[in-house]
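Same chain, two partners: chain A is paired with chain B first, then with chain C.
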Partner chain A sequence: MAELYRRFGGGLGTLFLALVGAWLAGMVLAPNVMMIDYALRPNLPPSQIGGPSDVYSLDNILYLANEGVHRAIFFKTVWASALVALVTFLVCYPLAFWLAQHATPNQAAVVLLGLTIPFWINEVLRTLAWYILLAFRGPLNAFLLSLGIIDEPVRWYGDGGVLAGMAYAYILFMLFPIYNSIESLDKSQIEAARDLGASTWRIHWRVVIPHAKAGIATGCVFTFMLAAGSYVAPALLGAPGSRWFTEIIYNWFFEGGDWNRGAAYALVLLVLCLAVVLVTLRLARVSLTEVAK
Partner chain B sequence: MSAADRIARALFGFYMAAFFVYLFAPLAIMGIATFNTSRFPTVTPWQGTTLKWFQELSTDTGMWQSLWTSVVVAFCVVVVALPIGTAAALVLTSLHSRARSFLYAVMVSPLLTPGVVIGIATLVLWRQLGIGGGVMLIVIAQASFIICYVMLMVTARLQRFDPTQEEAALGLGASKFMVFRRVLLPFLKPALIAAGFLAVLQSIENYNTTLFVRGFDTPLTVYIATKVRTGLTPAVNALALIMIVITIAGAVAYEFARRRQAARLGAG
Partner chain C sequence: MSHSVELHQVGVTFGATRAVDDVSFNVEGGEFFSILGPSGCGKTTLLRVIAGFLHPTEGRILIGGKDMAALGPNQRPTAMIFQSLALFPLMPVWENIAFGLEARGVAKAERRRKADELLRLIALEGFGDRMPGELSGGQRQRVAIARALAVEPQVLLLDEPLSALDLKLRQHMRAELRSLQKRTGVTFIYITHDQSEALAMSDRVAVMSAGVVQQVGAPRELYDNPATPFVAGFVGETNAIPCTVKRIEAGIATVDSPHGTLTARAGSALAAGKAKLYVRPEALKPGNAAENALSATIERIDFEGAFALAHGATDDGKRLIASIASTDLAAAPAIGARARFGFDRANAVVLPDG
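Up next, the complex of A and B:
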């Protein structure tokens, strides 16, 4: 603090502190505290708010634990988000490795720029593209039918469609951290491993992946969090049987009219994501400072 | 080259091709469907080539209204996020070790918070203050995490700042405010422009947070998503196609500029 004032003087220093305080206290901390407050109170008619029945309890969270359908959707969202992270990792890793270790600077620049093109277009339109592609009478079914791979059209909307749409939507959040971390690996380490007789698999398993651990952990954390908190992909590409946890939350707010329960569900989602982030980073021994780059 | 190498190479080539088909085929199909007469956007079956969907897009007042809402929101987000993000970066860099890592963790936490949770938390806080969803809450909710991006970009640029410049200006009699305005701000300008650009894109593309705080206002992403439910026509594809073309043109222009600059640096 002293250095801030020494460098910018009283007026500017105070202004900077005030701006940061307004952001962290007013836009980050206060909303989350209020959400916790909502989550722990019962949903009451206005006349009873502040009355004897307006007490803190864990009822809203226990409701989620006891309601079979919602609980099942919650766990499905968790493992499906983990699956999205895994699929995205498998799809990205070879490309990230090639870009970081084999591509010429011009090749890398062109490919990286090409990769970003779908991401300048917004998430809803990206998902819409998959909605059109996967339609029952859509191009993918027509293509597979014409090749004779399938005999009748497949209903892609549902879990499969959501998975494909999400992996597509969040691929860059996986690719860039892995690419950055593999890029810092010295080529001579790979050559040394090869000269000592390691197979390609072994080189990746024992040299490249351990080196890129921080990037892989970062990519997985972001992809998981984005998938678990996504609303648009399940809303467009899902089917009635493939509801996502965020859709349940939305319904509490705008259809069920029980904001307290909705806030409790959102709180559970937040705690889950924070837990996954912290545990993954701890396991990979990555500090939070290395994450957001 | 051994046979195994050749197989590995072929496999990798196949993988690269598949990756780019995966990346671009959905967008290509979405774009091509704009020219199909079919009321539902698709390319199979092809019912005839038409430009009528561009015309329908131009007369879709709801779409233009929602685009305007998104532009207003994006503008306000930039106005809020640039000063706060810059201040956050300056406060952060004036701290040392422990306090710094702690504050850094707090500052990036919105990036690790699911978008729907940011929207919900903002909504419940402001309802308590008697303010419902709408453009104002969209701006506040979006800014709360877009500030993080600004902070990160400005911090990255600050690491290359040479503090002797400030000392020289002070030594020559400039006030601290003058030093900030005439030395530090000009140095940060490229980062601020890039961050402003990113903030606009992030704001316009946001859906998950916006959905919860929009009230009765309808930004573009919400409008498009609603269209899918209430009757999607290729007019939406026409809009998507226009955005894709602008993006590709921008990307190509950027790449040419980059190469020209690289060539100039190489020659000089």
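Up next, the complex of A and C:
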């Protein structure tokens, strides 16, 4: 902060601080405080708001705890998000390693551009593309049928479709942190391990992954959070059996008309995500500041 | 007995660049063998070819009599010490040392025992649980050597491992490397651009320039009998006197030079015509007594401790350097004076212009 003042002087420095402060207060703090406020109040008709029955309680949260279907969807969302993070990691790690250690600058540029171009269009449209690809009479089924791998079309919508759509949607959030961390690994470390007789598997397990740990944790945390809060992919690529918790929150707000219960559900999801993230970072022995880098 | 390492006409081409050209030499078992050359001469490429990180464009490499062509670096009986050392920073010292054993499936207790044994060998007993970042440069150096020795290689390949150390430590590590090599009996192939390092440690040295091995020989041999102008100029200080060969008789060349007629040993492949006479600074003695003499105007005398270097300019504008022992400094020529330096013909060599 002293550095900021030294560099920009009192006036400009104060302005920057005020802007950051206003952003944090208005865009981060206020909505969350409002959400907590909503979550803890009962859903009342306008005439009773502020009246004797408008008191703080945990009723909305307890409703979720006692509602079996919602509870099941909640936990399913949590572990399915973890699965999305795992699958995305498995896809991205070899690619990131190749990009960081083996690709020529030209190859890396082409691949990164190829990966980035789809992200120039909107997430809904990208997911719609998967909707078309995975359709019952769509190209993927036609292709697999023509190869004789399947005898009849597969219904991809559902858990598989959601997983594919999300892994694709969040690939860059996983790829870049891992790529950055592997890139800083000295090539001679890999050569030394190889020279000492280590197999490819051991080189990754003992040398590359420990070095890239912070990047891997960052990518997994990002992907997990995005997956848990995702709405488009489950809405388009899901089936009734693969409902996502965000869809239930959406329903409380816009179909059930119960903003308070919706806010309570959203609050529970937020708290659980935070807990999962902090525990993951703790287990990986990575600090939050490393992730922020 | 077969040689420890044999190189047969090894060549490496990168695109249009010829990094290593037709290199052949043998390294004997238990030998300290150095490859000396300026940066960019292809010596590191050659080392990486021996280690198996690069495949030669042509030629064969045999280690212990076995052709290495089909074997990767993890299958060869070699271990490499990298210029950056490449210790694994996230593993404690003992795991670093035992990494090669871990890769070979040795049980943990045995790995630890072996690591402790090697730590004793490198005089770092009790350092096993430290992290590499907590060690000094010289200690890290020794850990890298122990890590390479742990896999009991037939040949240890060292890629300028001392270049990051300061002078005092470097000199200390030279002696340590040398004694470690003699104690373990492992063949060392040592890459360096520092000629004093190569001369001080090695049993034999190969001098490389522009991808080509110029000469292989014992340090003394390279110094006293350089085979090519490059070796004469690169290994140690020397004075090169342009001259024309008049005749060669019984290994002694008689040449015409700006200093008059001089005689010196004739290098191999010397014929009549343009040549250079090479004479070391310490072979030049002030005074006129010897059979050969060079004259120069003394410009300055740099005192270096054990000796002083007299820098002079000859009449044809060439530099001349003569080394004068500190004990003889009183009799040294004065600065600005014209002085004559004599040398014995046995201490100078004439090589064809290359």
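Keep in mind that, in the parts below, the second predicted complex is superposed on the first by the 278 of 293 C-alpha atoms of A that agree within 3 Å, B and C clash if a C-alpha of one lies under 4 Å from a C-alpha of the other, contacts with A are read in each partner's own complex, and residues count from 1 in each chain.
By our rule, a contact is a pair of C-beta atoms (placed from the backbone, for glycine too) under 8 Å apart; a residue touches a chain by one contact, two chains touch by 3 or more.
The structure displayed is predicted, hence computed values, not measured ones.
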item	value
Touch count on chain A, higher of chain B and chain C	B
First, second, both or neither for A:V69, with chain B first and chain C second	neither
First, second, both or neither for A:V232, with chain B first and chain C second	first
First (chain B), second (chain C), both or neither touched by A:R202	second
Touching partner for A:Y168 - first (chain B), second (chain C), both, neither	first
Partner chain(s) touched by A:L147 [first = chain B, second = chain C, both, neither]	neither
Chain A to chain B touching residues, read off their complex	1, 3-4, 7-9, 11-12, 15-17, 19-20, 22-24, 27-28, 30-32, 34-35, 38, 91, 94-95, 98, 106, 109-110, 113-118, 120-126, 128-133, 135, 137-139, 142, 168, 171, 200, 221-222, 225-226, 228-232, 235-236, 246, 249-250, 253, 259, 262-263, 266, 269-270, 273-274, 277, 287-289, 291-293
Residues of chain C defined as touching chain A within the complex	51-53, 72-75, 78-80, 82-84, 86, 88, 90-91, 99-100, 102-104, 147-148, 151
Parts of chain A lying in touch with chain C, wherever the complex brings them together	186, 188-189, 191-199, 202, 206-207, 210-211
Parts of chain B lying in touch with chain A, wherever the complex brings them together	8, 12, 15-16, 19-20, 22-27, 29-30, 33, 40-44, 83-84, 87-88, 90-91, 94-95, 101, 104-118, 120-125, 127-128, 140, 143-144, 147-148, 152, 166, 175-177, 180, 201, 204-208, 211-212, 220-221, 224-225, 228, 232, 236-237, 240, 243-244, 247-248, 250-251, 254-255, 258-259
